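Listed after this line are the structures, all set down as structure tokens.
Look for chain A in each of the two complexes below; its partner is chain B in the first and chain C in the second.
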Partner chain A sequence: MGMAEPAYTVASDSETTGEEKSSSAFPEIAIGIDVGTSKCSVAVWNGSEVELLKNNRNQKMMRSYVTFKDDIPSGGVSNQLSHENEMLSGAAIFNMKRLIGRVDTDPVVHSSKNLPFLVQTLDIGVRPFIAALVNNVWRSTTPEEVLAIFLVELKAMAEVQLKRPIRNVVLTIPVSFSRFQVTRIERACAMAGLHVLRLMPEPTAVALLYAQQQQQAVHENIGGASEKIALIFNMGAGYCDIAVTATAGGVSQIKALAGSTIGGEEILQNMMRYLLPDSEILFSNHGINEIKSMGLLRVATQDAIYKLSSQTSVQIDVDLGNELKICKVVDREEFEEVNRKVFEKCESLIMQCLHDAKVETKDVADIIAVGGCSYIPKIRNLVMSICKRQELYKGMNPLEAAVCGAALEGAVASGISDPFGSLDLLTIQVTPLAIGIRVEENNFVPIIPRNTTMPTRKELSFTTFRDNQIEVLIVVYEGEGEKVGKNHLLGYFKIMGIPPAPKGVPEINVCMDIDASNVLRVLAGVVLPGSRHPAIPVMEVRMPTVDDGHGWCAEALDRTYGSALDLVTVQKKI
Partner chain B sequence: MWKSKVWNLTLLSTILRRRPTLLSISHFQSNSTSPFPSPSFSTISRISNFDFLGNPSFSGKTFCSESAEKSHVHVRCWSCGNVANGSLFLFCDSCRSIQPLDQSVDYFQIFGLERKYDIGVENLEGKYKDWQKKLHPDLVHSKSEKERGFAAEQSARVIDAYRTLSKPLLRAIYIMSLEGVDVDEEETLSDPELLSEILEIREAVEEAADSQELNQIQSQMQEKLDHWSNSFANAFQCRKFEEALNSIRRMTYYQRVNEEIVKKL
Partner chain C sequence: MFGTLNLPTAAPLYFSPETRFSSSKRSVKAYAATATEARPYTSPATVHPASLYEVLKVERTASLTEIKSAYRSLAKMYHPDAMIQQHHHLQDEDKAEIESDCESDGRDFIEIHNAYATLSDPAARALYDLSLGNTTSQFSNQRGPFGFGVGFGFSAPNRAGFYTTRRWETDQCW
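Right, the complex of A and B next:
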């Protein structure tokens, strides 16, 4: 954590996890929080509907950032100063949702180096060096710490308005978050004294809101009671997430999820690079003047992108200091060409999600586009054209849909019922990423495939790689890459004391279990042919086990053990 | 003729390799005799006879073996004591409590269906959601740990039931298991005719020039799957289990080809 005595609460992990008491006759309603890369919002079920909370400046959307000044950091919830000005001083840290739980070899971290604060990488698989400039000194921090400070402010704001202590929250997270990143989010919540009742992939929160709206339509006899399939496209500043959901009777069964780390930030960076091609070199020394220039370029570019959503061209006129001036007219075609790859990626994600859901575009009843990027005309058009439709679903505010869904889930999960049946809702979730283990030659074998309905339990059989191999290493990864290097390491443990036998003889069964609370457990057992009983006690390990610096682990394991403790997939007989 | 095909076997063993995505239900029968409590998740890709879930170190938290001793005569709600209405008792209608898992209720009963292979798949989803709305663990967050455990088991079993009944091959394997006939998915393919047919199809898939060609093979496979699904239905109805097994074998292989095509597409 670096610095001494922070001015915020740090509750221990154990204090905020595990127990879920419901002794009170009036259960506490969990609030919904949507922590966005750029903006953040809080909503709660007020007894009859979902209500968004406002800060003392009457804002529902608060900038997700924290400014470090002297000893007291302050966040975008309460801060009176404008984000734009603070960004120019190097003291404001933002984009924590993009940085959290990532190591310094991660491309997302690399693309964050031109932010107007310090992000340094050594490319060795440890957490990046992130720092704010306070009185000309770099004050190191972590995304968890920044998020915790911010959450403390959100919590205080909600407590004042709801006139009660807040403890339980439902948080939305990107689809592409690994289970390790989820633990970092939980850690930040614990530091802020919040208990995470549920974490929802963002588009599934939107799916729940949709389920409620459909249910209401049925009650009012507008729509039929039959099942409706919806495609949900959610793109904010940091992430692009897609879900296909089948809704009937207030139940939303998620059919498939797809997600990626593309978003408004990438679009912004592409534009900044387009306007000032050598900006990265110019700003690499992170001096106070350079930070100011970076901040000015950022603000001007952001502004231009907003304007291009409603007008076909925009005049950019900005003085970056150091005799650096940008004076340029950019039209919408240029903007779309500069970001062609981003839009192509969006298209391929939608296709993949529809494919995984085994849904034809003609069967999609509604197309829902939400998130800040859904205002970009090109994005709206591409979503509609893939689904061969002329219009998008109109019943939702694109910036509020996710937090409203989270608040609904908060009420449902807190056991609140509504006399009008408005909370008669359920989302049946699926695994956003495959979970599996490493086998020989660094191949990844999924045990629980992605888009498996949760809770679930799956098992696969493996065997030894060498003769008389008495130990094997179970290395657990999450992701879609065929090689483990492309996936997220979750943890590892060793199976020891395997009776000596020729290679391929011992049967090593690996079972993965995700329970109703989304806890992942990995079990491994060994049997020898002819026996029905385990040769050694079955090991059960809760995942993830890794901590920061996990980028190092995989490489170190490889260097130290090579293939000595490898596993092999059992080949099926014909 | 068989001997000359031996080389095919080695070749096949490499190209027909697959992940065990099908469920084998051999353990359903063993439940009644197993010394271990029944698992909460009965659908797992089973490849060995090693009963993972029966391991005592594992069985502590999730299961309720009480159901095994229970007869259907006077099933009462554990919470309010009301007598169950009929044999299907997952959920108490009078106090809305979720009941412990009863393995003797089969998937067809859960969905209110007659135990036969030909079922209307289109009505499954609605019933599935109705059950989840009563049983899903997310909805009993504020209830006792005991009931949350029941919810986890019941809900998982309904998921399994839905998945199994909605897929023809899984449904076929399951309904055979209810008749006490195990399908050995690991058995060596011994029908030389089928072997060479499959080999030819695989070759065609390997050499397919474009997605159009793959789509064509895929629709051929679908035809074959439909054909053998019908054969299975007839054989099963006449209780000709050998023939039924043969149909399942065929369906298994055509399905694998389809999975392979999907990967390539």
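Right, the complex of A and C next:
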């Protein structure tokens, strides 16, 4: 989140350089993009309201996938062929939002191995090998590349319709994304020649749309001007995200966020496993026929899940080839039982978010359920029953809410104002995950707890683990696990030259700063008792510093240094 | 108090409610007063520590609703995101002033938020009120300036030296 930042320099992107001067007089309106795991949409503030852009097939929701065929890859924005057929050939890569920025030990990557393209893991903490089948050749690619190809198409589509070059974007991201994953999204945008003005956790984009709707209701004297608390439940194909927001006067104050990597994909895979119990083994060698069977099963299962949202049972009848046929009637109870754990996880996330926000269910004025999974009756019921309500908020299209919020933020962050006050909006964001460092015995000590209002600056004191320890390793993690192994590594650096002293004497202060641009800086300094000045120069490191192979780093650090350079927390004396 | 690690000699190292109340106040005000001259929010008169009520510009007797409402209206003025819009509304001659304000990277907002966080929590507010009533010099903490919290002396005055851009690693070859 920043202001007046220099744009990324992308070599191919020359069309905007001549316009930098004029753009300061009339700021370019950033477009909002919601890159979903399964579908994607683009919206922009058109001067009086948010408008969703359509592709040349008149679609507002475009499939998030890229097909590698011949020499030119093509994405779901412009492609004329149906997604379903292409999936069967192994040439289409999708679900990049679930794969981006993950290492090959990640369970989400493992669950992607039965997609109808190649996801290969070595299980050593490096990036997975991802490839599309083109003319009987597995051609490697990366989630960033696939996303970039897709974004280039979206950009071109928007430029044609808006008749101007597009440079600035506001993107929505899942709550559970690590800061490392965020850098991969930014990299994909830079590859596509886009400058990320803001990255909004998805439910906070919905919260902004809600804030604007409430503001308009006040202007039209429909509602009161008092603070309204809303619970936002957003579940798409890849992620489940929840926010509690307090809204008044166009200010959306995020009280808490919660998120997880459960979504429609998980539901789909559970159902596929239910219909064909040994499907993962059958499809493991990724032959051409297996890919086709995998694709057919996927399409049939997806179709059945859609139908179960409106009917109580569904007949599945699919010939997968290789003498594999599935002919089965599945009813809604079976579906709910197969996915019981997914629904339980949804419930616990909602409870956690309400708890973190310190909000009682009776104080929640509106419950907003959006995203593709919000059509599933069980999901709607569980959200309503937790909040003890009979109905959900009706003022939003569940599939368009996030992108509309992103477009509003795009206009606000571009400095656009509206004579009717429709853009008199502000989102006060919080940190979705705790950020802290490793201390002795691989414990994780948060310095900035989750759900801390941003921008922020927090600090804790630590000390040495051994006598005459002259170096300490600062290893920064993000996440909620009590042990660092459960969290995302963001980076590490060493403080050297600590004056020799008995253990527990040097004071090592670690400060974390998230500025208005959502940039994280970690500062560390050493002070000896009796002194007010740092004993050695303070270190300042911008995080994340890790690169793609970061699954290795933590293990390598542990192997090389063990506990030799550990820190311990200073016990609270009050 | 800048450029130094403001550490207590033998004092609590963690954020206790007391240290947070006092220290963030001191350091931010001091920082604001020295680092940027032309700030609309912190006038020279507020160099001496202001109470959290003064930060939110409300009465000591303000209700929770009033505190929330004051927080929101101040956020609309001092949140770094809100400043972008104001920036675009201003004429050129005023821009320099606001730009220097933007460089504060939301320090005013952090201070406003901290005040709100305390005063919107009935227990924390009661504790804080007690500390206000106790002594006249509650903010000139006898145990010395801790410097924890928002304006910790690490690098507050050096903020202008921070890179204001985003991560350049995204520009590397891929």
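What to note about this one:
Simple rule for what comes next: the second predicted complex is superposed on the first by the 550 of 574 C-alpha atoms of A that agree within 3 Å, B and C clash if a C-alpha of one lies under 4 Å from a C-alpha of the other, contacts with A are read in each partner's own complex, and residues count from 1 in each chain.
The definition used in the following text is that contacts are C-beta pairs under 8 Å (C-beta built on N, C-alpha and C of every residue); 3 or more make two chains touch, one makes a residue touch a chain.
Just so we're clear, the structure is a prediction, and the values are computed from it rather than from any experiment.
Superposition of the two complexes onto chain A shows a clash between chain B and chain C. When the two structures are aligned on the shared chain, A:Val570 is found in touch with chain B and with chain C. Set against each other, chain B and chain C touch different numbers of residues in chain A, with C touching more. In the superposition on chain A, A:Pro537 contacts chain B only, with no contact to chain C.
By the touch criterion stated above, A:Gln253 is placed in contact with chain B and with chain C alike. When both complexes are overlaid on chain A, the residue A:Ala190 reaches chain C alone and has no touch with chain B. Of the two partner chains placed around the shared chain by superposition, chain C is the only one that A:Val519 touches, whereas chain B remains out of contact.
Touch criterion met: A:Val412 reaches chain B and chain C at once. In the superposition on chain A, A:Glu227 contacts both chain B and chain C. Look at A:Pro116: by the touch rule set out above, it reaches neither chain B nor chain C.
Only one of the stretches 1-9, 19-27 or 253-261 in chain B has C-alpha atoms clashing with chain C after the fit on chain A, and that stretch is 19-27. Across the two superposed structures, the residue set of chain A contacted by chain B and also by chain C is 27, 227, 246, 248-251, 253, 412-415, 424, 426-428, 453, 455-461, 507, 509, 511, 515-517, 523, 525, 527, 532-534, 538, 540, 570, 572-574.
Every residue of chain C that touches chain A in the complex is listed here, in rising order: 4-7, 9-10, 12-16, 65, 68-69, 72-73, 75-76, 79-85, 87-89, 99, 102, 105-106, 109-110, 113, 117, 148-150, 152, 154-155, 162-167, 169-171, 174.
By the touch rule above, chain B contacts chain A in their complex via residues 9, 12-14, 16-20, 39, 41, 44-53, 55, 57-58, 62, 125-126, 128-130, 132-133, 136-143, 148, 151-152, 155-156, 159, 163, 186-189, 195.
Every residue of chain A that touches chain C in the complex is listed here, in rising order: 1-6, 8-10, 27, 144-145, 183, 186-187, 189-191, 196, 226-227, 246, 248-251, 253, 412-417, 423-424, 426-428, 453, 455-461, 507, 509, 511, 515-517, 519, 521, 523, 525, 527, 529-530, 532-534, 538, 540, 542, 570, 572-574. Against chain B, in their complex, chain A makes its touches with residues 20, 22, 27, 197-198, 227, 246, 248-251, 253, 412-415, 424, 426-428, 445-446, 453, 455-461, 507, 509, 511, 513, 515-517, 523, 525, 527, 531-534, 537-538, 540, 570-574.
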